[in-house]
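Data first, discussion second: the structure below is written as structure tokens.
In this document, chain identifiers A, B, C, D, E and F correspond to the written order of the chains, with residue numbering beginning at 1 in each.
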Amino acid sequence: MNISTFIGCDNSYEESELTLFGIPFDGTTSFRPGTRFAMQAIRPDSYGLETYSPYLDRDLEDIAVHDSGDLDLPLGNTEKTMNEILLFTRGLVDDGKKFVMVGGEHLVSYPTIKAAFEKYPDLHVIHIDAHTDLREDYMGEKLSHASVIKRCHEFLGDGRIFQFGIRSGLKEEFEWAKDHTYMERFSIETLPEIVKKLENLPIYITIDLDVLDPGTFPGTGTPEPGGITYKELLAGLKVLDDLNHVVGADVVELSPPYDPTGASTAIACKTLRELLLIVGK
Amino acid sequence: MNISTFIGCDNSYEESELTLFGIPFDGTTSFRPGTRFAMQAIRPDSYGLETYSPYLDRDLEDIAVHDSGDLDLPLGNTEKTMNEILLFTRGLVDDGKKFVMVGGEHLVSYPTIKAAFEKYPDLHVIHIDAHTDLREDYMGEKLSHASVIKRCHEFLGDGRIFQFGIRSGLKEEFEWAKDHTYMERFSIETLPEIVKKLENLPIYITIDLDVLDPGTFPGTGTPEPGGITYKELLAGLKVLDDLNHVVGADVVELSPPYDPTGASTAIACKTLRELLLIVGK
Amino acid sequence: MNISTFIGCDNSYEESELTLFGIPFDGTTSFRPGTRFAMQAIRPDSYGLETYSPYLDRDLEDIAVHDSGDLDLPLGNTEKTMNEILLFTRGLVDDGKKFVMVGGEHLVSYPTIKAAFEKYPDLHVIHIDAHTDLREDYMGEKLSHASVIKRCHEFLGDGRIFQFGIRSGLKEEFEWAKDHTYMERFSIETLPEIVKKLENLPIYITIDLDVLDPGTFPGTGTPEPGGITYKELLAGLKVLDDLNHVVGADVVELSPPYDPTGASTAIACKTLRELLLIVGK
Amino acid sequence: MNISTFIGCDNSYEESELTLFGIPFDGTTSFRPGTRFAMQAIRPDSYGLETYSPYLDRDLEDIAVHDSGDLDLPLGNTEKTMNEILLFTRGLVDDGKKFVMVGGEHLVSYPTIKAAFEKYPDLHVIHIDAHTDLREDYMGEKLSHASVIKRCHEFLGDGRIFQFGIRSGLKEEFEWAKDHTYMERFSIETLPEIVKKLENLPIYITIDLDVLDPGTFPGTGTPEPGGITYKELLAGLKVLDDLNHVVGADVVELSPPYDPTGASTAIACKTLRELLLIVGK
Amino acid sequence: MNISTFIGCDNSYEESELTLFGIPFDGTTSFRPGTRFAMQAIRPDSYGLETYSPYLDRDLEDIAVHDSGDLDLPLGNTEKTMNEILLFTRGLVDDGKKFVMVGGEHLVSYPTIKAAFEKYPDLHVIHIDAHTDLREDYMGEKLSHASVIKRCHEFLGDGRIFQFGIRSGLKEEFEWAKDHTYMERFSIETLPEIVKKLENLPIYITIDLDVLDPGTFPGTGTPEPGGITYKELLAGLKVLDDLNHVVGADVVELSPPYDPTGASTAIACKTLRELLLIVGK
Amino acid sequence: MNISTFIGCDNSYEESELTLFGIPFDGTTSFRPGTRFAMQAIRPDSYGLETYSPYLDRDLEDIAVHDSGDLDLPLGNTEKTMNEILLFTRGLVDDGKKFVMVGGEHLVSYPTIKAAFEKYPDLHVIHIDAHTDLREDYMGEKLSHASVIKRCHEFLGDGRIFQFGIRSGLKEEFEWAKDHTYMERFSIETLPEIVKKLENLPIYITIDLDVLDPGTFPGTGTPEPGGITYKELLAGLKVLDDLNHVVGADVVELSPPYDPTGASTAIACKTLRELLLIVGK
């Protein structure tokens, strides 16, 4: 009788090609913590949704997804935590599963992208976010939410990272990006042409929900005004559905303590449903 | 000295052609209750508004509206409640009044539409909502917020229901609608052409405020991301002002417990002002 | 990896003598709804507790409890709902299980007490509450949170109900109680002497958490100032531990929407831990 | 059908000996405003109470009280506002009415006490509060919530003011009080002996709810930890019921924006019910 | 180590051409107070921003701004308060400083605009707001947030005030504006052409943040649905950057008590950063 | 004009014997983070207090305290953080200062107690808390809020730690305490006799505010029902004033995100004022 999985994801690990899991970690969050509670809010609230998407005209009930719960992590030791995430995700990939991960803060994408890269050396990353996330370090710490894409670049290299919606960062981050990543500032309008180019490559999609305008999505640690609308993100998701080889994806930075109305959690749920349909097709 | 009516609605029943009333019922709400408190929030907050609408260039002070308060209803017995609403609304209609009702959950539109239909057998319904509301039943209950339009179809029949903004439902509801109602999905862009067709027919307008994007309007029980903006709804209201024979209308699903900032209540107030000006002209 | 049961209650049904379950029903709540969300808040927050009670010097890990989740109930049809609860609880009792139930509103104790009574015709009820709950009906409805103890009296009869902490009701309810129940007003000081008398009889304990002062426990639908402190309730629980034959118990009326700090949920969790230790010993 | 008066106070002005009214003014509040909303919260929430008090064993239905609503006041001009309150209250007193006023900030007691004093030159004031309220001025303003009792002393003189529960003020205020008022610090234990002395004199009772501990009553502008419990205040109210000539009373400083759970509003409601029963007997 | 200034504004008064200050006054607010807390929320939350603006491609670190804190004002005496603000601002202007002020309610712009006008008799005012603010008085008070632009017109005269985004007011205010100000209703689309005309004149910019839609910006006292988006305001700010002689500016009406998520405060911070870059260039 | 220090603590470092500082760290918090924001809430809200304490009959204005702000710390690297705190506190101690620290989570007391111990090898610690804090480690991490007193015991040794108010922990922690610390469970009644014994020894006082009942003090990460009242803590503080050689103290675990009413922050402010008066005398 318990509600314990995301809606429509009550299949066993074995029978599922696609695994959903949460990482309740916000240990390097510098401003307002709380993303550790994301999955705890998303699971019960997902029952306010339907499993059927009129956008993609497909139903979650028609694919087999396993919700494997949340990783159990100590707080206060970032390096050890990153390692545990890497081991877990590597296990999934080795078992031939595709996966969708829900953060937590954005740093948790570092080990999951790494695990995908280990299997798919040709991995390309689509990064939708308000922030550049390209700092070399944050107050001396290299493992930081503000550095996650920089860390991924260290193994991915140039030409593999495609950034959309970016509207905040240090001046030097914007400068650095010119030579090393593809970056669209302020909006995600060029997503269709990039998706066209990448359509048959192995892809990892990482969506930091703070790409949305805080009016639409206040429930996040570092709200950055001037973002895209949810209709624009929905249109972007429909574009991403043209990709033929998505191997992993994530939705990060929902922070339920800053979502008193549940509207941001509803957005995370709906984005997750669409993403599961895209990755799991 | 008391604030006890909606702004500008302090006329007596006798001298008014238009009656406003509230139905504080949320008894079948499956997800998050609270719409019972809508009118209790709307009345005092309406004094943050002006009575003059620069959109319609008309003033509430220039028409006679009676705010007759809220129905006094027991909770826990849906059938009896529906009957009491029907009797009350039938009384208004029999007295020759037009009315605007404020919910409560959407199920309360069922008896008010029925009362209007009894007097105007040619009644057509304009239904603006995020959800199809076309389920045959919800967990075995036929009287449910998720079934309200289906229940109305039983007496209205095909070709009488015009749905706008719909973006959530079971696959079979969307299928059923193809044969029995007019449905515009995701937006309300075709409202002008439909209004043109219906302009001289007896019309009931039912607005479920969750048609709005939850970023704009979080204060509702079942937020469904990807909705229309308030500017779009305002434009729609201006279109509805072209109708010549609106006999009743309602605004439902404001849930003040999910409106910590009062912004959703402000939207309900403004929508109600415009609707009173439209129905009462 | 999922958190899905109350802390320390992850045993199977078969191996457990004691079953925990939730009833997410608040359908007759006349003032402020929300108790349907109680178990949804209690389960994850129980991990802020320890399984060891220094009050009883016993540990939840040392008894076998099964958390069977929440009943899946339609809203809007109270009679049918009461029946489903009765059937479920009767099933537990027939399987020889003791149980602890978590509401929901207080009306849900009616069918669970009835199920216990069917098996133990000599059942006595200890009722800790701010309200008399002895109305004949509420606005014509006999199945109401305000009438639950009156309904139980219909099958239990005189001399079986022991009320503590009562401080609100109609004058006639207080009058009626004089002849039909034992009632201590305002406090629970006489609990030890009553427990002494009842120690070997079959007992059902029903705790409406609004017996606590709203300063201590604001998270409930009908806060009634002037209640007991949590230290007093803890002392009362220690007294209840002297009972030798508790067959069922419940904790009702936590309403998470009115608990923005989580302090009331923490109280419900701790009360539930102690009650499980008492019933399960 | 409207809920527009405090529970049980729906008698006409003419037939009532006792008038209830609100003053939604918080214009000199230096820390956190919001007491202007007190009556707007109290009226609807009073329906969570019963009219019967088991403490006094009397029922509000048995006395005739008129709720005359809230004064309509401009904000930003304190002197003019004080004058309007004085005129209104003087009108009541001249009509031979007793009254209970609900603030607003404490400064509004100044004109209401003055109006009572004009009629009863022998007036004595019982002042229950966390704060001395004896400043000569606050940042140069003599009409301030922090000076209200000092202002009253100017016309009442020595030996007329009895202060209870005081636990915050400037050192010089505590010094000044030694010569001019009766002051019990930290608690209200000496209330019975003072009431005994004053029992046949004309009395005004002013209760600043921040006398309560903020744990019990957080919903106020200047929470001062270490206050009395609500059970202690209830006991105090029962003592005040021994007074034979209470001509006016007030309850001030409920601030609903700091009462997210409604527990403080419930306390204000219950205190008001008891006070109406005391003044109106 | 303290965070005490707005981000990047830690220069001394002497070395800065531009001064930032706050006015924590909401004394005439008729609906919901709280703007007094704006700067108290803005300063710490500004550290969630970067100092670099990718919109203007300039960095706050590259200009010298002094944050001189908040004025220390008594509450309850509006006239005296207005005078103190005038004296303070006149001091800045006399020292040759440009300034950006943060309210507080909109009335505080009256003395700051006056101080600017005294130095620049040819001053023109760009007023971005949801409300006309052109009332002659509010309940008899001439110094009111609803009258601030009317008061400014008294010394500025016709042809000097340019209003954008206006969507609420009395009918007579809209009528009056036709002859005395430039007013664009509902949007700010004509800003570029007006800025073109005014580009070399001395300009004061006053931004009432309630011009934004309450979905985007709920954290204000009088939310008025149907406003502009933050992207539109950002575009407007970029247009204002073409002005060559901005002598002062303000951002008013953020009310943190109505901003539980911090999203409105984030908007105020970002608007303030852009405005500092515009005025300080 | 800025409010930037705790009330009455605006003296320079050099002229002060006593230094106040904050540590905004909650990096190992396992349940609900947010204590990093404590000082950010305490400083402005301290202006709701007076500097004069009627309990100790002393005034903060009469002693010289320097508020040196908050440490600037990276998040995610606990070991480095502990080291930076140790270095900072050691600097204070070496300069001959006494200090009061405000957390942050309880782990931050580990380095501050260590710094005090380095100077005063005979240091004794008075520990007031709901939790034992005596775990060997938490999920493998030795630097954890749940282990802080255990870590201190490693250098302090047996007979130096005096624990009061403890009501939660593992069974083995309670067992371990029997041989290594003094522990009073559930209350702080034995504080006077212990203080008598310790009155001339060098003392560090660490107050975890969750020792208070969550009804009184909900604003903390791990609320543990059944705690002491604030009046009891105030009485305890008065007892602590008899100590003659307090060298350092702290107040930890206020979590403003769980304090929507500000009542918990008010308690932290008042406790801090009393503690400054005690340490600074």
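By definition in this document, contacts are C-beta pairs under 8 Å (C-beta built on N, C-alpha and C of every residue); 3 or more make two chains touch, one makes a residue touch a chain.
Going by UniProt, the chains are A, B, C, D, E, F = Agmatinase.
From a predicted model like this one, the values you see are computed outputs, not experimental measurements.
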Tell me which chains count as touching both subunit C and subunit E.
A, B, D, F
Between subunit B and subunit F, how many steps is the shortest route if every step has to go to a touching chain?
2
Work out which of B-D, D-E or D-F repeats the contact pattern of A-C, with more than half of the residue-numbered contact pairs in common.
B-D
Sort out for me whether B-D or B-C is joined by the greater number of C-beta contact pairs.
B-C
Greatest Cα-centre separation from subunit A belongs to chain D
Call it same or different for subunit D and subunit E: same when shared residue numbers make up over half of all numbers used at their interface.
same
Determine, using the mean of C-alpha atoms as each chain's centre, which chain is farthest from subunit C.
E
As a quick test, compute the distance in whole Å between the mean CA positions of subunit A and subunit E.
38
Averaging only over C-alpha atoms, locate the centres of subunit A and subunit F and give their separation in whole Å.
39
Subunit E to subunit F, mean C-alpha position gap in Å, rounds to 42
Can you list every residue of subunit B that touches 2 or more other chains, as numbers and ranges?
72, 213, 215-216, 260
Who touches whom among the chains?
A-B, A-C, A-E, A-F, B-C, B-D, B-E, C-D, C-F, D-E, D-F, E-F
Can you name the residues of subunit C that touch subunit B in the complex?
26-30, 33-34, 36, 72-78, 138-141, 143-144, 257
Looking at the complex, which residues from subunit D come into contact with subunit C?
47-50, 52, 54, 59, 213, 215-217, 229-231, 234, 260-263, 266-267, 270
Touching subunit B in the complex, subunit D uses residues 1-5, 21, 40, 44, 67-72
In the complex, the residues of subunit E that touch subunit B are 31-32, 167-171, 174, 185-186, 213-216, 218-219, 222-226, 258-260
